[in-house]
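Beneath this line is the structure, given in structure tokens, with notes to follow.
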Amino acid sequence: MRVSETVRIIGKMKESKDTYTLEFKWDVPAVPGQFVMVWAPGVDEVPMSLSRVGKIKAITVKGVGEASNAIHGMQVGGYVRLRGPYGNGFDIKKGRKVLAVAGGVGAAALMPAIKETGCDTIIGARSAGEIVLDDVARKYSKNVWISTDDGSRGFHGNAVQLAKEKMSEKDYDLIIGCGPEVMLYYLHKACKENGVDCQLSLERLMKCGAGVCGCCMIDDKRVCKDGPVFSSEELDLLSDFGTRKRDECGRIVELR
Amino acid sequence: MGRLEIAFGRLRLERPGMVASGIMDETGDSMVRMIRSGAGAVVTKSIGLAPRPGHKNPTFTEVEGGYVNAMGLPNPGIDLFAEEMAVAIRAGPVIGSVFGSNAKEFAELAAKMEDYGASAVELNLSCPHAEGYGAEIGSDPKNVRSIVSAVSSSVDVPVWAKLTPNTSSISELGRAAEDGGAEAVVAINTLKAIVISAELRKPVLSNRFGGLSGPAIKPVGIRAVYDLRGALSIPVVGVGGISDWRDAAEYILAGASAFQVGSAVGTKGPKVFGDINRGLEMFMSDHGYGSIAEMVGVARE
Amino acid sequence: MGRLEIAFGRLRLERPGMVASGIMDETGDSMVRMIRSGAGAVVTKSIGLAPRPGHKNPTFTEVEGGYVNAMGLPNPGIDLFAEEMAVAIRAGPVIGSVFGSNAKEFAELAAKMEDYGASAVELNLSCPHAEGYGAEIGSDPKNVRSIVSAVSSSVDVPVWAKLTPNTSSISELGRAAEDGGAEAVVAINTLKAIVISAELRKPVLSNRFGGLSGPAIKPVGIRAVYDLRGALSIPVVGVGGISDWRDAAEYILAGASAFQVGSAVGTKGPKVFGDINRGLEMFMSDHGYGSIAEMVGVARE
Amino acid sequence: MRVSETVRIIGKMKESKDTYTLEFKWDVPAVPGQFVMVWAPGVDEVPMSLSRVGKIKAITVKGVGEASNAIHGMQVGGYVRLRGPYGNGFDIKKGRKVLAVAGGVGAAALMPAIKETGCDTIIGARSAGEIVLDDVARKYSKNVWISTDDGSRGFHGNAVQLAKEKMSEKDYDLIIGCGPEVMLYYLHKACKENGVDCQLSLERLMKCGAGVCGCCMIDDKRVCKDGPVFSSEELDLLSDFGTRKRDECGRIVELR
């Protein structure tokens, strides 16, 4: 198993003022919801969900700091070293009627599952300029709904509120979600209240990505290997979910 | 007494396999999971005096036959680690691994581990990628002896010395540990290594240097154990590339009284302990071994 | 000058990859085949003063990621080797590898290799499994220096020292070789290793101990080259786990001025040299390197 | 690739006063003509052809010295460590009408090919007591002819003489052979004289078996990896064939 490869960037697309998609030909098996470790030489290495999982793969990166901005600096024709794909991914054969709920760049992790299932999609963000990948979702989903906190586009409110509405309107079997942990926390709650199953993709600090170092623990689960996608029942048992994470030293950091 | 039970020095474990230091053992919950998965004990992540973030990513990469890592000894510091220990020791025996830059620091850390309820302390004299720590001090037999002896005289629990294979004679390091009062030596830590990306023209790890672990180093680890068993009278704990019962049996036959599993927790998951336990029991009954102790060092005869 | 041509010290090779010592290089015909397959030079099997059968079988076994061998330096002796050399040097450059138990023996062997037309001599100060030879004498910098210096003063051809990785500091051994007058160092020889059969309760190799080679040791070899390049001013020849152009490129970027291929001749066949040459040329043209020399040590910057 | 395995002996058969067959369940791919390195712990490790290549494999060992006699001492239920299978094997798809010519225990190497092709077979030996595996050959071959130097059984003369007769009687496309090198040398000559293609399995001292150490060279070919089976055209170019081998030290030993 060769799990790291240096690949050439064959496409770069601007998704919003601070988000870019990079594409590469990289013919390794991957399933929706998996992620890779992306090296920004001299800077850092960070986990990024695969926003495409076929023979051509992609990552969609929001510029928030050193590493992500270094990745934004990469150009078509240049090389990038990837490790992975890692993690379990979504178990989407289970659900028949699926709704994908994304917060911000969390949409990246959901795109391959949306493509595979053609499910309905909600993408939420603070304001219109931060909505990404809705154009891609629209190619595969019958319904793509947008929510913005400031009401600058689509539903005025957050993605969870919108998801609640849709859950009561339509008969979903499964919600898949990715976004900020507070959002996912309330999404999980909403799903339970509506009796709908869910699978949510979480984030933690990652170093090895391969289930070895133990830095990404959420309770006794490794987000990199046992996750990043956790089922509703698993989430029920995770006392850290929505409440605590660990910093680089392994110290507890309260989320709220 | 179960067939897999072992007792050496003052320690008694129901199963001979432990989680190696640095592998899913930085938090209380993860340590509990490892013990529940079949580990006889868990060796904690190596803990120092102060919180330490470790090296910047990349800290890890796969290579053919294993991993190369330079985590850089990230840890929350010995004081905060009290909480993790409190959770872990309720599930089973915990060996406290510590690293320091001198004998005094090691002794202070070991004493705290003892207070927290550690069944033994393991001195990391062998990490190959943290400046001023690990192998940088553990490659000199004089240092090994003085550190082990300082710790031995300040704690009551057994003191183990984890040795580096990056030396021309690991037996010499082992003898220094024994002379200093170690109740066991642990071998091996990772091999000094470096990974370069041809296209990106750079060492991959932020620290440049790292340590090689996994199946690739198994024959090197087995040789270290074989040599140490011949040179010492204290028990040897074998570690390096163990990923199934056969690997474990080979280490034991070479002279290991117990063993640790690191990288295979990544490749096979925590269930690797249960699998090894079942396989070892079958092997033992097939070959007429009544206890692990009967197997220790048989290949040396 | 072809893109793959290299020149270092007083040596000029059309292609940067050589056959490592001990690999299909004990007979004239086999050495000719390796050069015809694309090797820039062939390093001979290590030759001693008298004929030597080597250890009894088993002398070799596969392990995960490589081989463990303890051939025990079999060779026909330097006098009979004249015939093999006569055949080989007609096909291309031959580096004469020799082993002895002291400086005088090394000097005598090297002088004969020079007479036979060797382009350079490589001193085996690093074989890990022959009592009284190799690493047993090559682990001590003082020995390395005195042997290299005795040989350097008795032959005109370049003298290379092949170093052992079974040490806490390969740079120290490299400095000793440089001080002794070596024109290059070669790193690494195999890692001390042992393989045990669980069912048969014995070390597999008749000599018990052997040396680990192949992909498993690549990150260790690259680290050795990286360290040596930083410590020395003479060229470093990289060897250990190279089996494709990317491995070769990584060694060169880490600081190797040339490289050798051993185990991969078994897994990929002699054609491995042609494959590496083609791959390297493509890599070089893709990345704008006009010569191997331009690549040497680039990953160190 | 796991190329060494410790397997259990499940069968042991006496083939003649000095030859035994050992069987083991060992489910790795192997082709007719390949060999394994067989460890006699504390004694030696020696190359042995596979006399069966299916899921149950076998070796047929003539007791000639320390190692072979130690192997004879192995019992059903015991363990043996094997490395391999090594070597190229016979290319028997090529030939349509095949004749297998064995000298003594060389029959072992030919059995899997005889089984696969059902070809005619000649087994020669010094005398009747040294003929082995003819019973096995008879299960698969239409014609099994025996030759003995002393005439104690079958054709009175050597296997090559008998093979010459059969070559002129019948229209063979391919001769496959294994046995003492002098015999093979003359067999090769006979084939050329009769214009029949041949593939012969040679022996040399072996250590690694894997094409690494170079101790098994015949000219510039490794018997363990480029061989042990060589085609007629390859044999034409091998000046060592029938004339020279190498000892443990790599010294030349004249065969005649």
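Which chain is which? They are A, B, C and D, in the order written, and residues in each are numbered from 1.
Assume a contact is a pair of C-beta atoms (placed from the backbone, for glycine too) under 8 Å apart; a residue touches a chain by one contact, two chains touch by 3 or more.
All of these numbers come straight from a predicted model, not from anything done at the bench.
Q: Which chains are in contact with both chain C and chain D?
A: Both chain C and chain D are touched by no common chain, going by the contact rule given at the top.
Q: If you check the contacts of chain B and chain C, which chains show up for both?
A: Chains touching both chain B and chain C: none.
Q: Find the geometric centre of each of chain A and chain C from their Cα atoms only, then give the gap between the two centres in Å, rounded to an integer.
A: 49
Q: Between chain A and chain D, what is the separation of their C-alpha centroids in Å?
A: 61
Q: What whole-number Å value describes the gap between the mean CA coordinates of chain A and chain B?
A: The separation of the two C-alpha centroids amounts to 36 Å.
Q: If a residue has to touch 2 or more other chains to count, which residues of chain D qualify?
A: Within chain D, no residue touches at least two other chains.
Q: Please set out, as single numbers or ranges, the residues of chain C touching at least two other chains.
A: Residues 197-199, 202 of chain C each touch two or more of the other chains.
Q: Considering only which chains touch which, how would you classify the arrangement: line, ring, star, complete or other?
A: Line.
Q: What are the touching chain pairs in this one?
A: A-B, B-C, C-D
Q: Show me the residue ranges of chain B that touch chain C in the complex, using the header's touch definition.
A: 63-66, 68, 135, 139, 164, 166-168, 191-199, 201-203, 208-210, 212, 215-220, 222-223, 226, 241, 246, 249-250, 253-254, 283, 287, 298-299, 301
Q: What part of chain D is in contact with chain C in the complex they form?
A: Those in contact with chain C are residues 1-4, 6, 37, 39, 41-42, 44-46, 79, 81, 83, 207-215, 217, 219-220, 222, 225, 246-251.
Q: Mind listing the chain C positions that touch chain D in their complex?
A: 22-27, 29-30, 32-33, 45, 51-54, 56-62, 67, 69, 71, 74-77, 80, 197-200, 202, 204, 206, 262-263, 265-266, 269
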